Structure formats: C-alpha cells, structure tokens
Amino acid sequence: MDKNSFAPRPPMGWNSYDYYDTNVTEADVLANAEYMAMNLKPYGWEYVVVDIQWYAYDTASMREKFQYIPFGRKEMDAYGRLLPCPEKFPSARGGAGFRELAARIHELGLKFGIHIMRGIPRAAAEAHLPVLGTDTTADMVADPASICGWNPDMYGVRDTPAGQAYYDSLLALYTSWGVDFIKCDDICVTNLYPTRLYSGRHEIEMLHRAIARCGRPIVLSLSPGPALLEQSAHYRKYANMWRVTDDFWDTWPALRSMFDTCERWQDHVSAGCYPDCDMLPLGLLGKGFGQERPTNFTPAEQQTMLTLWCIFSSPLMLGAELTKLDTRTLTMLQNPELLRLENGRFRARQVRRDEESRVWAAVDPQTGEWYLALFNLSERTMPISASLAECAGMLAEYRLADARFGAEVWSGRLLAWDGDAILAEVEPHGVRLLHMEPQ
Amino acid sequence: MDKNSFAPRPPMGWNSYDYYDTNVTEADVLANAEYMAMNLKPYGWEYVVVDIQWYAYDTASMREKFQYIPFGRKEMDAYGRLLPCPEKFPSARGGAGFRELAARIHELGLKFGIHIMRGIPRAAAEAHLPVLGTDTTADMVADPASICGWNPDMYGVRDTPAGQAYYDSLLALYTSWGVDFIKCDDICVTNLYPTRLYSGRHEIEMLHRAIARCGRPIVLSLSPGPALLEQSAHYRKYANMWRVTDDFWDTWPALRSMFDTCERWQDHVSAGCYPDCDMLPLGLLGKGFGQERPTNFTPAEQQTMLTLWCIFSSPLMLGAELTKLDTRTLTMLQNPELLRLENGRFRARQVRRDEESRVWAAVDPQTGEWYLALFNLSERTMPISASLAECAGMLAEYRLADARFGAEVWSGRLLAWDGDAILAEVEPHGVRLLHMEPQ
Amino acid sequence: MDKNSFAPRPPMGWNSYDYYDTNVTEADVLANAEYMAMNLKPYGWEYVVVDIQWYAYDTASMREKFQYIPFGRKEMDAYGRLLPCPEKFPSARGGAGFRELAARIHELGLKFGIHIMRGIPRAAAEAHLPVLGTDTTADMVADPASICGWNPDMYGVRDTPAGQAYYDSLLALYTSWGVDFIKCDDICVTNLYPTRLYSGRHEIEMLHRAIARCGRPIVLSLSPGPALLEQSAHYRKYANMWRVTDDFWDTWPALRSMFDTCERWQDHVSAGCYPDCDMLPLGLLGKGFGQERPTNFTPAEQQTMLTLWCIFSSPLMLGAELTKLDTRTLTMLQNPELLRLENGRFRARQVRRDEESRVWAAVDPQTGEWYLALFNLSERTMPISASLAECAGMLAEYRLADARFGAEVWSGRLLAWDGDAILAEVEPHGVRLLHMEPQ
Amino acid sequence: MDKNSFAPRPPMGWNSYDYYDTNVTEADVLANAEYMAMNLKPYGWEYVVVDIQWYAYDTASMREKFQYIPFGRKEMDAYGRLLPCPEKFPSARGGAGFRELAARIHELGLKFGIHIMRGIPRAAAEAHLPVLGTDTTADMVADPASICGWNPDMYGVRDTPAGQAYYDSLLALYTSWGVDFIKCDDICVTNLYPTRLYSGRHEIEMLHRAIARCGRPIVLSLSPGPALLEQSAHYRKYANMWRVTDDFWDTWPALRSMFDTCERWQDHVSAGCYPDCDMLPLGLLGKGFGQERPTNFTPAEQQTMLTLWCIFSSPLMLGAELTKLDTRTLTMLQNPELLRLENGRFRARQVRRDEESRVWAAVDPQTGEWYLALFNLSERTMPISASLAECAGMLAEYRLADARFGAEVWSGRLLAWDGDAILAEVEPHGVRLLHMEPQ
C-alpha cells in the first residue's frame, strides 16, 4: 500500500477542538456529522475528527486550573490502550470503543478520525500492564524521560520491537473500530526539548509501519507545529499531513504570518503529502473552553484565510460548530470554484511579496487551468496587480498557455487582462482570486 | 527577461579555484578553455569561470600567513570597480578588463564567468571614490559594519538607490566585457554574523536587478554555503544557483554528508533554479595552494560524486586542471548517459535511506525516462535493492509506466528486474546507476 | 537560625556513590563509618552520606539496560514519602526509616547524610496519595511537566502552599530520623530543559524553608552541576554547597578543566557557602557499577586534586571504599597542613594562568597565614615560579605581612624565597603547595 | 606596579558623552573641570574624561544619518595614532595632543581621562603607515576581520609582538600627554560577534601590558557592557573597572534592571577592581545628540540610583553638564554620608529581594561601620523592613557588633531599631539608606 494513495487530495472535514476543547460528546459528534453529510459532503468535506482526551473523565471539572487534569481518571483496557470515556461516548460502554460511532459516520458517507497523543499512558507504565502480543509490559516500553510539555497523559515509546508492538496493538484496535484518520499530537515537533525537537522521529516511523500492517488506509496527520523544514523528506515519507504552524487561532497577526509559513513550505506539497495550516476558526467557537463566541475574523479575512489554505493545498479542517453555522459562512464553504484548488493536482508558488501584499499562483498541470490570488495585507483598500511576466517561470515550467481573462472566485465577476497585466482593487485584509481556464 | 531562461539546464563548466587558488593567469584560463572546447564541450560543458582575486597583485607572496593579503594592492578604476590585475591578465592592460579574454572564450564556443565578492572595495570607501552615474561617493555606499569574515577586500553595500547604482555600474562594466556568469561570494550566507546569516539579502536583490537592467542574460551563482533552507523561495526568485554546502573538498566525510544535504534540498530544484553542491575536486588539484596533488577520491567515490551531483541536478563545475586530466577521468566526464540527467527536466527524490545505503530516483516527466541510483555508503561490498513499490509514489505523481529493465550507466550492462525488485552488488563508497526508458 | 552556621567549614566526609552506585547497604555504610571514625575523624572528616535510590528494590538487577529501573519497586509511606528499602537497610523494617542507622553513626561521633531527588514520587502522584498535614493529594502537588532527564522516579513539586507542605513533611520525617545533611539532586541545574536550567529555583527555596521549620541544622547540598554562575546569589542565600561541575570522575581532562571552573567561581566562597567540585574518586571505585577498579589518577594527580579542592575551599567527599584504602592514600587524607585550608576562613584567588601552569594563593585573614600552590598542567617536569608582586594585590587586601619562606605541604621541605620570588620544579600533572606563616 | 593601587577607591568624575556626544570642545571640558574643582573635588570627584571621537572632524554634520561618519576625516599622526581634532581642541594644534589640556586639568587638582576605541585606525591600515619602534606597518597589525559593530573607525589589533608595539606606542603618547585614565570601548564585550563575545581578550592584556610599561599609573576602564560574568577573573586581573550593563540612560526599567545586574556581580568587587554601572544621567543631558533636555529621573529615582551605585562601589561618572547643574542635584552629589560608601573598603551584599523591594547592606571591615539600603521598586509608597537576622551572616563574616540605630542618609533623621528589626516608609522608586556606626 502506498500511503500517498490514502489521501490523493488534501483531507477536508471537521474537528471538534475549536468549539468543544476536551468535552465533545457522541451526540455532538453525530450532530456535526449529520450536518456535514447534508450540507458539505457534496463539496468534498468528509472527515469527522474527535479531538483530544476522548478517553478522559471529568474533563471540564477543573477548568480554571488545568486544561488537562493531571493524573485524572481515564478509560483504558487491560493492554494499556485508551478507550472512549463512556460518560461522553455512551456507545463505547463495555469496551466497545468507537465502533458504533464510526459505523454511523460511515453510514452518512463520511470518514471517521481520532486524535491521539504520542506514546503510552503514564498510568499503564506505572501499573506494568502487558503489551498485547508480547511478553513485555508497559513499564519496559515507556520512556520515562520522554513526555509532552503541555499534556500529562503519556510517555513516549522506546524505539524497540516491543515499542512497535504497542503501536501495532493500537492500530489493530483502531482498525477494529473503523478509524480512517489519525491526528497524532506531540510528535511533529517535540517542543519541550528545544535541542531535540524531532525526538519523536522513530515514533512517526512506528506509526507508519503499524498503519501499513493494519491493512486499512488510515490517513496520518501530525501535530503540533511548527514542523521542521529540514525534516520535510521524513514527513513526506511517513505521513500524509503535518502542521506547519503552532496552534492557529482567529487573529490577524496569526493569519498574516501564515503567508511566510506557506512561502517556506511551498515546494513541499505533493500527492499524499500536505503541509497543514491547521484548523479554520470560523462560525462559533470556544464553548468547551468556557465561553461560546463568534470568530474574530472579518468576512474579508475569512476569504483570505480560505483562499490561502486552498491555493496552498493545505488540508481543510473546520473548527466551527457546524449546526450553528450561519448562511454566509456556509456559502463560502460551498464555493466549488474555490474548492477545485483542493483536487490534489494543483501546485502553488508565491509570485511576489512585499510589505503590503502577496501574490500567489497555482497550476493544475493536467488540465492547464490556473489560479491567481492577490492578497492585500495592509490596512487600506489598494490596487494590486500581477503580470504574466511574473508568472512566466511557473507557467513555462508547466508548459501552460497564457490565459486572457479569468473569473474572480469570490464575486463571480470576469476580470480581463490589460495586455500582460491584471489589476484589481482589494479591500484591507482581503483577496481577489482569479480562475483561468486554458483557452 | 525571465532569469530562469538564462540557465535552462544546470550550468556545467570549469572553475579555477581548486587548482589555482588566487593565482590563475590569462594563459592558464585559455589553456583550460581550449581543452574544454576540444574535449568536453560536445558533452555539455561550457562555462569557464575565473575565481577569486583576479584583481589582486602579489597574491601568492605571503602564502604562509594569508590566503588573502589584507590591504594588499588591487587594480581598480576611478569608480571603485575592480579590474583584472594586468600582471596576471596581460590583455587587461590599460583598463581593458576581461574584454579580450571573454572574446577568445566566446570564439571557442564557450561562456565566460567571473567570481566577485559581495560589496564595494574597502579602498574605494576609504578614498571616497565617486559612484558612476551618481553624485555620491563610495564612503556613503559602503556599510562599514558589513564585512566578510574570511576575505578582507570589501564592504557590503547599503540598501539605498546609490547602492543599487554601484551594482548597476558593475554590471554595465561586466556587460561591456562580455561576462556570462557571475559567482558572487560572501552573499549566500553571511556567516560572520551568526544571528544575521542572510544579511546580504538586499544585495542579492540588487544584483538581480542590475542583471535585469544590463540586458545580458548573465547567470547568477551565490556562495558560500550552506544556504538557508528557509530562504529557498528567495534564492529561487533572484538567483540561478546557490551553494548548499560549505566549501567541498575531496574527503569521504564531506561526500557522505552531501547525501543529507541533497535530501534536505530535493524539493527545491526547478528550471533555472539549482541548489549547488559545489565544485568537483577531480584530477590534479591544489597547485595554487602550494602543492599540486591528485584528488583523494577513489574511482568509486568519483562515480558516486558525479552520480549524486547529476541525479540531484546540481550544477557541475570541474575543479581539476583540465590540461593534465587523465584518460579515465576524462572518460567519466564524457558519459552521455550520466550527463543526460542534467537536461534541466529531471526531478529527483530520495527513495530510501539507511545507515549504509541510499537510493535515489529521478524522472523526466516529458520523456517518461527515469534513473535509479543505488549508493553504498558502507566500507564493504554489499547488495543494495530497490523496488518499484518504493518508487511508486514518485512514478504515480509523474504518471510513468513501469520499466522492466535498465542499463547500468557506469558499466553499460543491462540489469533486469526480478518481479518488482532490482538488486545489485555495489562496491564500498560506490554506486550503480540504472537508466530506464519508457516501454 | 542562620543556615550558614550549619556549615562553618566546608563539609568533609564520604559518599557511597562512586563505589556502590545504587546498591549500598546498611552494613556497607556502617563499615565505612567505622573506618572513618577510627582513621579520618581526627582530621576533620565527619559526614557519611548514603547516595541515590536507597528507597529502591532490585537496583542492580537490570544493569545492562538501566542504571535506574523505570517504574521499579520502591519503599514509600502512605504520604508519598520514600523510605529505605528494607532489603538493603534491615533496620528500616516496619517503616523505621534511617533512625537506627543515623543513631549508630552519631554514636561514632559522625554526621549522617542522605541523597534525595527533587520532587515527589511519580507513583505517589499516580496513586493520589494524601500530603501529610493537608487535605490535598500528591496528584495536585506534582508538576507532570517537570521531570528529571536521567532518573525516572519523581515529578517536580509545584510552587504552592501544598507543595511546601510536602517538603515540610519530608523534613519532619528526616528530622525524626536524625539526618544532618541532604544532597538534593536534579535541582542545582535542571538540564533536561536547556532554556529553563533553573526551573527548580522555587524548590530550592522550599527545601530551605522546610529545613528552617524543622528545627534541625541540616546542611543543604545541591546537585548536579554545572551550577549557573549568574544564580550565585541565590545559591548562597538558600544552600550550603552547590555543584559547579558535571559529575566528576578520575580523568585528567576532567581534573584539568576544574581549574577553569574554580577560576570562574573563586569570588563566591564564604562562610556556609561553598561551590562544590564534587566527590574525590580515590582508592577503589566502581564495584556497584559492575567492576571494582582502582582510581585512574596517578599519585601526582591525586595531590593536585586534593590541593585544588582544599585551596578553593571545596567540600571534600571521598568517593573511595574506605575499608579498602591503601596506606598511601590514607596518609594523604590525614595531612593536617593540607586540611588546614578547609577551616572555613581561607579565601583563595588564582594568581596566574597560562597554558601549562596555574598558581593559586589562599589567605586566612584572621591568622595571617597563607598558602601558595604551583600547579603543573603540562606533560613534562618544569620549573614554576611565583612572586610576591603577583600576590601583592591579594596580600594588600588582607593586610598581610610578606613571608620569607614556607614549608612545602606534600614533602615537608622548607622552600626559601629568592628576593621577591620562589621557584620549584614540579612534576607533570603535579603540584607544590607552600604554607607560609606570619613572621 | 600593582594596577590595583591606581584606583584604591572607585573612580569618581565627569564624562562628556551624555551631554556632548561626539562634539565636546576644549572649552567645554575646561568649563566642566573648573566647576568640578570648585564644587565637587572636596567630595572626592576628580576625573575629567573626554569621550568618543575627539579625533574626528565634522562630527555633528550628518547627525540625521550617522552618529559616527563612516570614513570621515580624522586627525592622525604618521604612526597611525589618533590625535585631537584641532578644530575642537585648539591647544592640540601642531600635533601637541592633549598635553596642554591635561596640564590645565592637573593644575586644578584633577585627573584627565580619554576614551579610545579598541584597535588601530582603518585609515592607517589602508595607508600602510609604519608602527612606531618597529619595521612593520599598520596593514600587518590590523585584523581586517575584527571590527566594531557600531563605530566605523578602527580594526582590532592582532595578537602579535607588532600588535603589542602599537599599543605600547599609544601609551607612550598618552603618557607624554599626561593621561590618567583610559576608557577603552568595544573591548569589554565585542557584541558584533555573538559567538565570540570576548574576542578582544588579548587586546585587554596588551593594554594592561602597555600601561605597565609606560610607567604612569593609568586607570583602565573597559566598555561597553554587559561584561561577561564568567570572565570576571580576567577583568579583575587586567582592568580597574568594566561595564556590567549596556549603555545606561535615564529610564526606570533600566534603573530597575540594574538591581539584578548588581546582584549578579556583588561578589566581584575588590580594591582596584570595580564592576561599573555606567554614567549617571543627571541634570541636563543630550545637547550633542541634538536636543538639550533634563534627566527623566525623578528626585526619588536619582537618590535610588546614587544609593545603588554607591552601596555597590560602582565608579561614579557624572553624565550632566556641570556648569548648568541645579542646586538640588549638586547637593545630592555633595552628600558625604553617601559618598563615604565609595572609600574602597566597603563590601556590599543583597540581603533580600522580592518583586517590590530590595534590601542591600554594605560593611567596612576596617572601621566596623555599615549601611543598610531599603529600596522600593513598586509604584506605591510602602513600608520596607529589614532585620539583623537577615544581615547576620554578613555581619558575622565581618565580625561586626550589632548597631542599635542609624542615621538616614538622605534625610539626616535618626532611625531606631525595634528589637531586631527596622522599618521605614519608602516612596515609590525611592530609598531609605541607613548609616550605622559601631557602638
């Protein structure tokens, strides 16, 4: 199995974290899945991902002190594998795991994903639990010096056959549940260790091997960022997507700096291999963190974010509560001209950068169509132009014919080229995205 | 003018440094050029590059103390532009510059290149020389806090219109001489300043602009390395090639570590944009450093080096004294099956790495042919295998048909695939390179 | 209570680590204590310190894999306080702790010390054990992100009243046992965290406070090194000694580099405040690590080591198995002229340094006597001289009269000054130490 | 000659920089010297120091672009030694140097100091000027890779006999002028080179040697800061004072952070060896920078600054224009109870620190008198207390008797101890300084 075939296009879906934090329930997940099936699936959205600490009890009970209660109660089987907390996921009672929830999501025509932390539970190591299929125990598999800086649940796993066996046992379980997508955290960069930022390297390889052995095409997503540019070949070889930024939230400085991040990573996108700009904080957010609130992004910023993510071929994971999505936001997420950029074939390049604006272009070498995005990073409406000469290298490399006009994706208006150049007024923090089809 | 069109293929040629250090003369350059025209040009070799301090007098006179004599005598015009030292380049007498030398190289059907140091001569700044075409003087253009850590000749140029004017004046001069290639040093990474390694950023842009204005398609090569991976987009936008390693010499550890370097840079090769593995220390070397000596590389290591440089699409610059080249080395440099990899279209990827071996593949998406290289990094002869499955992602991305057999480039022998796999015995530090044509 | 009064002189004694590693037993400790009482106590040696993992079972059972067995069996009370393992310390049965061992050592006229790891046992946190004298539990006191990089037993303690209560409960226990000296590890520098090397700062303060509250004058020693020079004022305020080097073993490079360390720390010695050069690896070593062996230091190097430690006023902790000490070594440790330097009043300064030698002087401002040490760091016998002029600043500062001759401490021979200067032949890696009394 | 005897007390005086920048003239210097002789000399103030670029012409002519005009005109003798610019210092005409100015300052009973930049003029190296007393030239002495990051005038000097000869020639010149004090800049820390911050180490030693050879007791002051704590022994051996902070100006954050700096350096003060907190920005400042302005410090902050500098035994260099000093400021500078702390014998220690306050004590071991300073770092008036118990260690070390009351230095009021403790209300950013004499 070629792991790249598991994700021929950048994965698109929904993730529970931005709205629910650690507290999402089975009912919440299903409600969002049903909404997705009804409203978004036709446009390519398909993954439903349950984020962090689905195995933990009492997750919201000490919010003022801890996001993750240290040494708190967790659901775990006799082999040190975490199971869904049945108080949050009733169908998981009796050790059934996510089997039923995954089945219902599959019935909706969607795919099911889970978040995991790198490693083996600290409680399993302390209790010397057996590792399935081996004669060793968790205390010999856990590396007591390998922890996560911000979540207290796990120890890293040693680079040994027994360590691989533990990851194999995890994937056997997830396969039995029907998991399609794993977001593994504390692994893309291990930032507790400033001088060993890639100390989870062997665990990435072990996860990859365990997926290959489990027989199921499970997409592997790595967090958190910023991923290490010099490890790009390693990420590409073993994973499908990897976070190129720290947690992304809805502030303009974070969005603005994503342009630099995408510039650095632009040469590292290929089929099955996607640098990941993180979730899209849209609609309503934050209830699980204590206060439901609308996104801070203006409509213009939302278009800018979606355009950058799409032209860069980033995975798209919605952070919103879908059932409360407003019509304007939903409409944005149903724009087929925009989402066409996520077909897995487009390759993008930054064409120009200056202090106030950025220009990006993306090409589908198979069809010959291409896109041009004019981003206004300044605080005032201003004209932004681009010329065929600037795109010439890229077009030449892909042997594309010049286009003479294009449709602006967000407005639907046709824009004509004036000789070699095109020029558009762009609002502050906004974007114009042109779609050019071969003549 | 699209600067990428100046170098549709990775530049191939000869550079005076490895043999002559600072002491190459006009006669030396011409002798090497004539040899190249006769023996190498038919295989794609075409650049003749005069390396560092062609403007300096007495260059070998204080060898035991200095490679570059501080505050030594230099040939310079009234505008602070360095000229060839007429003692080394007689045709440069009377301020004629490299005009005649370039003309003779052009007559041989070759191209002419020069090395320059980033910046403006310290002596020009101290003398307040005028900057051509401006009413300002060199002391206002030079940045007294921007120096090179290892060469004492220059100051960096300020990021001002007058600074641009100085670079413009340089390119006007070089254009009048007929220069085709500039290797600018102390600019790709400014390693005197550990916290400002890219302090020459604006000077790269100024050089690019000056070239665009001069009207001549001059290839821009940046030194020294290691180039900064996170600045890849900037190098690609403004230069044609940039050094990805520190100075490369003929030791196995240096060659071995080049595999890691190529791994990191593999996604950053495109038409007109070439990460540069540095000169090839072959044949006889080092005379200008005080002692002529043969390369330390074994024949197997020489094949490994050439194969890695070619499959990676690195520029190829010979470090040897050409007129003294032995037949075996010359034959290697005339291998058309090898040099086909330098057609500018091939794109390579590392397929597998372990402690003892590396496997790389390269594809020409236009013709469908591909290469597979099996490198033995260990100290013993050993079998190295590769499978189509391992290359599958790459072949799929380029939509290539599988090949069933291939010719080994260095031996000429056909190698057949056993089902999905191919296996070859490879000598220590050696390589097998297979060329597969579409069926 | 002024903590400086607990250690008016640099502590001198024996530590179990260098010979026994984690495996020392009650019988071993007593045998060494009896030897010390008989042979060394008259010369000022008085501390008997039980080093790491006295609470752990099976400590030598997985030597080939682990120095410290992860998640191994430990003796612990109901409040999460570690107790001596009764298999190694039979008198500790029934929760009696070190009470009887301490009593027997006190009967010998000696003082009793223990090693502890910073923090609270991981097992206590996992088990939610109560913290004595509070209504909180260990899981709320332990900081799950604060671990030791090389020992898997503990979590750091949070900077809260409950955290202080845990340390108070430890000191109450140790006071009931009769502990006189605590060597706390993983606290002087927390080197798992390169950007937060002093993350145990608050735990140093908590230990100090707990000692003050316990009512017993317990000496506080901090490990490991290298201590942070810029935190000198903090160490001096809260501790009695702190390790200025990484673990010191018997190699010449380690000994040689201690001269630089002492140079850096020379201004930071005062009554009750001692930068600590670590244990003295003399006699037989290493049995607990798997192989008993004699020290690698030559007799000359041993004199050099002892001289440097003494002139610097470092604490002196013997790493040897005392019961097997040879006569030559014992005689060195009984040299009263040497050990006089450890009276707590001497202040030392490096007088001169060059590549091959070092000269140090120390003064007792109360008595007016002073010492001069001539160290030969080279590989050949050579003359080393010193002049009164070089010591002038120091002597003037302490208003000492010049001395006209002195006794060499290791040989007992008188050395006369030739006018202003003294000169001695010193063997390679050796030393001459002159003792000058006021006229 | 013991260089510590050149400065038995921390030097006190005036420096031209804070008011005049590069533009001070002979008349300005004399006016300030005369004021000092009249008003401050009786209180211990004695040094008159001419700061940076006294050798440069046109110093204020390009203020909007440069503080130091690159490659600007300088007065220099035939041996590459800078001379005073006669346009600013008329008595220096004809190569007379500072001879007359120094003589007039000496007539006033004061001492004369100059600022120099580490190294040899760049212009001297470019011109190959001879080095006095040698057969070598400046181009062979200058290190072209050693520059200052912020001043363009000099190159560092190589560590060779010829380099020493250049420094010897400088000191011969300065001795002939009658210089008493040299503030050498770009040498205490060479911050252009983040990985070689002490690259001027050998030049400090060469300066020290040149001073020893010149036969005149010239005080050596090193700039800029922050000095390197781990090099403390080196500074103490070769210099009299060294800057422990970056340039200090009149802002509260800078003053506040000086408490941390003094804490780090408190153990490194001894006779002739003074960590230097930099000039005192009092009165009127900044005229040479383009705008005369009063200090930003409030009266309370001025007392806090003076108290900290004095209790720490920092050198005191006034940054004000003396001739315009207001009465209140002058009175502060004439406080004998305060300045007694600068007698060279007091040794200080930080007694307590918390977020809002600091307590320091200083002892004169010869007389038995001591001082206690209570600093309020907060924004509100608050009571600050101290106890004899807190000072016990320090008093015991110096064997002082307890004092029962003390005079507050700034107010003159007596403060009595309540048993063991003393308590005072202190205004925001203010201080209470108690002087306790032995009973």
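In this document, chain identifiers A, B, C and D correspond to the written order of the chains, with residue numbering beginning at 1 in each.
Going forward, contacts are C-beta pairs under 8 Å (C-beta built on N, C-alpha and C of every residue); 3 or more make two chains touch, one makes a residue touch a chain.
Note that the coordinates shown come from a computational prediction; the quantities given were computed from them, not determined experimentally.
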{"item": "For chain B paired with chain C, centre-to-centre distance based on mean C-alpha positions, whole Å", "value": "57"}
{"item": "Gap in Å, rounded to a whole number, between the CA centres of chain C and chain A", "value": "52"}
{"item": "Interchain centroid distance [CA atoms averaged], chain C/chain D, Å", "value": "39"}
{"item": "Touching two or more other chains - residue numbers and ranges from chain D", "value": "none"}
{"item": "Chain-level touch network, classified as line, ring, star, complete or other", "value": "ring"}
{"item": "Set of all touching chain pairs, with the criterion as stated earlier", "value": "A-B, A-C, B-D, C-D"}
{"item": "Touching residues on chain D, where the partner in the complex is chain C", "value": "2, 4-5, 229-230, 232-233, 263-264, 266-268, 270-272, 350, 389, 392-393, 396-397"}
{"item": "Chain C to chain A touching residues, read off their complex", "value": "70-72, 122-123, 125-126, 128, 139-140, 142, 144-145, 147-150, 152, 192-195"}
